[in-house]
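Both of the next two complexes hold chain A, though its partner changes from chain B to chain C.
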Partner chain A sequence: MANETVLIIGGGPAGMEAARSVAELGYPALLVEKRDRLGGRPDEEHYAKLTHHFRDAEEMIQELLDAVTSNPNVTIMTSSEVVGCEGEAGNFRVKVRNGASTEDVEVGAIIVATGFQHFDPGRETQMYNYYTFPDVITLADLEGMLKAHQVVRPSNGQTPERVAFIQCVGSRDRQIGNEFCSKVCCGVATKQAIEVKQQLPDARVFIFYIDMRMYGYWEPDLYWPAQEEYKVNYVKGIVSEVLPKGDRLLIRGEDTTMGRPMEVTVDLVVLSVGMEPSEGTRKVAKILDIKQNKYGYIEAGGPTGVDPVATSRHGIFVAGAAAGPADLDDTFSMAGLAAVRAISAIRRLNLAKAV
Partner chain B sequence: MDAGLDKVEGVWQKETAIVEGMDISGPWNRMFEQRVIWEYTPEIIENIAGVEGAESFAWCYQCAKCVPVCPVDIVGDYGPRKLYRKAQAGIDWTQGPDLWLCTTCANCLRVCPKEVDMVQIMPAVREQALLAGNNVPAELQEALENTFRYGNPLGQPARKREAWVKKAGVPVPLLPKEKRPVEWLWWVECYPSYHPRGIDASIALAKIFNALEVDFAILGREEKCAGDSQRLAGERGLFEMLAEQNIATLSKYEFQRIVVTDPHALNAFRKHYPKYGGEYEVWHYTQLLAQHLGKLKELMTKPLNRKVTFHDPCYLGRHNGEYEAPRQLIQALPGVEFVEMWRCRENGYCCGGGGGGMWLDGYVVNYQNRRLSEQRVLEAIATGADTLVVVCPYEVSRFEDAVKSTGNEGKLEVRDVVELIVEAMGA
Partner chain C sequence: MDWVSTKATKYADVPYEEKLRLFLEVKNDPRYEDYLYGCYECGICVSACPSARFYDYSPRVIAQTMAREDVDRFYEIMVEDIWNCAQCFSCVRCPRQNNPGGLVTLIREVAVRNGLKEARDVLQGYSRVIYKVMLKGNQVSPDMLQPDFFPDWGPWVREFSANMDVWRQAIPADTMRGVTDAAWRTDEKTLRELYTIWFETNNIDIVREVDEGLYELLLDVMEEVLEEEEVA
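Moving on, here comes the complex of A and B:
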């Protein structure tokens, strides 16, 4: 008989949603998380509000947490890492290490939900002097400031008058190796620009972009209100370099729709850093022996190309940003589907044996 | 030429030029504008969009669909998208010529995904300039003052408004003298009352009304300019005054419907007079004549032997949705081959006369490589037509001037459709 337990690796939004779905469908879920608590990237990086519904991140994570902790079908192992895997669909034998001890668990299917990490703008080219100028920050840094209602210039603690977002940092870049679009940064930057205007109504906020990628309802829910209600300024043309100018920052680029060079002084530069596969995603892919694409994400799609949660190995599925840049809508959709696919795989094996 | 300008190597340049604080005096003024953008100025956008009616200016997301369909961009560097970007990049275009180049033709609004509405923005922003008495071209100022003083932009005495009637050769009843209700009150408007070529068309229309036994009368000297183009040029106060006066005049008489010669008057009556209490059923004369197509065909017996093309007036077509009536009349003309220009109907090109452009020809020519009317005449000639048919009183004089100024005299005749109908009637 196939083991009915579904192992979910990663306790962020994708993992918690997958565990909840498995449990609610009546199957045992084992949720393994490397950190000492669940919540994933939104928790670890202190997200304030979520794109695109402006939902409070802590509140949303708490709802997921309550759902998995209150369900007796879910077993949670924190501070635990998957370090080995043998067997096949229906009967995987997985080694889980917790501190000094290692435990063997038997599961029927696996869902990988190990997520992403933010691109590090210091890597490769020291882009935009992120590690040199304190007033050059990333989306994740600003998210924390917004959460604390403390949007200031880190160099002097003063309120910025002019804030400039630079899009596509670490994405769509052959030199860096991330040729993909990170999909969420246009929406996140726009969401944050709105929040900056809400917290600092007198600030002038600019977004410098190559092209704005505001998928679906992000257009009417984020982009249009940002421009029409919150007076966020969008300027087509990416910034080439950030230079010091007195105690402020000079950003240089081309204003492409004017066809003119652009050299303007701002107080705070926010780098819209993209997504990359997390360290956990890279590690787990190797342990489970599933294919990664050239960017290190877990290759999904299955033989048909239209199964977004299938990996190269039968019985192992992927959900969320472990498979590539994903927003929360993508993540939740994938998590539910991965749960269904995992249970189906187990049931099919057991039905075949029963015949 | 203005004082302080020298001609050097065929180019006019200012003796001293200071742009945004930078002295750029020298041959060809060294450069025509500052290259580097040093400062973004959302405050300029906010100031413009802060004017009541101009709110949508701030909505532009730079898709640029407006620019290729902007008639002004064809002949100069201009377009709604560009105005937004100029404002964002530190250029307050409301202080310069860009304020006066838009003809409110509405072709940008037709294609704009964000519904940025230049037809509302321009009059609102121009009103600020007029109120401040700043950056207002002299010839426009004169037309507005004429309208204020005489009730027409040409500066003609009010009593001469009905003088053309004597030359008509057919009865043109004056409603103040008729002392009876009529079916159609014919709103003649200014250019058809005073301009020689406008009068030609008025006489032709009077002949047709008589032949069709239309029960009509005009107001004569009691009629004043409907004021729509003055409104679009920014003179809302003047427009309100004219609307109130005209509505008071109309309230004295009994009639069932109004037929107008001028699409701009049609626009004023349909969209703006109701706000001041003037609610009427208003038709354009091509719509009324198209109702009598059968009888007109019987009356038109003389083949014209012409190849014609047709110019859609912005304020009849895009603004008020009528494209068919003029075409029905043209197609009914005997001995006429009809060819469309490639810009027609919803995408019709603007003659340059709308939105105050009628009184800015001397001004805008400094910022365009040719007038819109000249561009349009060249497009008409390119069809191989020998006659350009018009149905708006602004156009006959504009296009006839353009035929001459482009060196095409004798190659293209400009005729109001009613002149051709009368010609075919042999009347």
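Moving on, here comes the complex of A and C:
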């Protein structure tokens, strides 16, 4: 008989949603998380509000957490890592290490939900000086400031008069090796620009971009209100460098649609860093022997190309940003589908044996 | 300095505060929020714009400059760009429902109200038109075709103006035959109503801003006519 337990690796939004779905469909879920608590990136990086519904991130994570902790079908192992895997669909034997001890668990299917990490702006070809100037920060840094209602210049603790976002940092760049679009940064930066204006109505906010990718409802929910209600300035043209100017920062770029080079003095520069596969994603892919694409993300799509949760191995599925840049809508859709696919794989094996 | 192009700012001799004052006069117009939402720089307005084909003029730049609140560029636009707009409003096909032509209207009005030199220069050639419209209720009349006026109407202006009576005779309709100072007859009641409108709407004051001499001329005639009515 195939083992009915579904192992979910990673306790972020994708992992928690997958565990909840598996459990609610009546199957046992084993949720393994490397950190000592569930919540993933939104928890670890202190997200303020979610793109695009402006929902409180902590509240949303708490709802997921309550759903998995209150369901007796979910077993949670925190501070635990998957370190080995043998067997095949229906009967995977997985080694889980917790501190000094290692436990062998048997599961029927696996969902990988190991997520992404933000691009490190120290590794870049542009000269944005993230590690040199305190007032050059990332989306993740600003998220924490917004959550604390403390949007200030780190250099002196003062309120910034002018804030500039620089898009596509670490994305769409052959020199860096990340040719892909990270998909969420246009929406996240726009959401943050709106939040900055809500918290600091007198601030002037600029977004320097290559293309604004405001797909679906991000257009009426984020982009248009940012321009029309909050007067956020969108300038098509990527900044080439950030330089010191007195105690402020000078950003240099081209204002392409106005046909002129430009220099703007600002107080706070926010780098819209993209997504990369997390260290956990790279590691787990090797342990589970599933294919990765050239960027290190887990290759999804399956033989038909239209199964977004299938990996190269039968019985192993992927959900969320472990498979590539994803927003929360993508992540939740994938998590639910991965739960269904995992249970289907187990049931199919058992039905075949019953005949 | 608000927004710095690395190219030298034009009209640097005009104080920033003055540019900002004019900008805010445009922005605070009650029509402004219906004319400008936000611009994502698609260029459809330029594609639809006849002036953009022939002049260094872009309705997109008008909308963008206003949306960015780029005060220096705004001043350039006020002095240079807006006078190339034909006010045909082809640009209102904007998917964001902006009205760049409407923005030009607002900026022109502010330029005229503030008596900007550029507004005076542009309107100088139109003094005769203003005179005809405001005083006679006619837009143009044959006698306005004088050798040195409206050079942009082409070389035939000289020829036509020299033989105006003959050309006028050639028009088949016999009304107005021989009359060259009007295109049509405007009755006295209509004229009095027009004069009243110019005063009530303060249009006459706008004329004073751009052409003091014309203003005096109009005022003399119009006041006399309106006083006559009161006496009667």
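We adopt the following convention: the second predicted complex is superposed on the first by the 351 of 355 C-alpha atoms of A that agree within 3 Å, B and C clash if a C-alpha of one lies under 4 Å from a C-alpha of the other, contacts with A are read in each partner's own complex, and residues count from 1 in each chain.
We adopt the following convention: a residue touches a chain if its C-beta (ideal position, glycine included) is under 8 Å from a C-beta of that chain, and two chains touch if they have at least 3 such contacts.
Everything quoted here is computed from the prediction, not taken from an experiment.
Aligning the shared chain A places chain B and chain C in steric conflict.
Judged by the touch definition given at the top, the superposed model places A:217 against neither chain B nor chain C. Touch criterion met: A:236 reaches chain B and chain C at once. Look at A:228: by the touch rule set out above, it reaches both chain B and chain C. By the touch criterion defined above, A:260 reaches both chain B and chain C.
Of 3-11, 93-101, 255-263 or 381-389, the segment of chain B whose C-alpha atoms clash with chain C in the superposed model is 93-101. According to the touch criterion, the shared surface of chain A, contacted by chain B in one complex and chain C in the other, consists of residues 212, 223-224, 227-228, 231, 233-236, 255, 257-258, 260-265. Chain A makes touch with chain C in their complex at residues 212, 223-224, 227-228, 231, 233-236, 252, 255, 257-258, 260-265.
On the chain A side of its complex with chain B, the touching residues are 204, 206, 212, 223-224, 227-228, 231, 233-236, 255, 257-258, 260-265.
Of all residues in chain C, those touching chain A in their complex are 3-7, 37-41, 60-61, 64-65, 67-69, 73, 96.
Only residues 35-40, 42, 45-46, 58-59, 61-62, 64, 81, 85, 88-89, 114 of chain B touch chain A when the two sit together in their complex.
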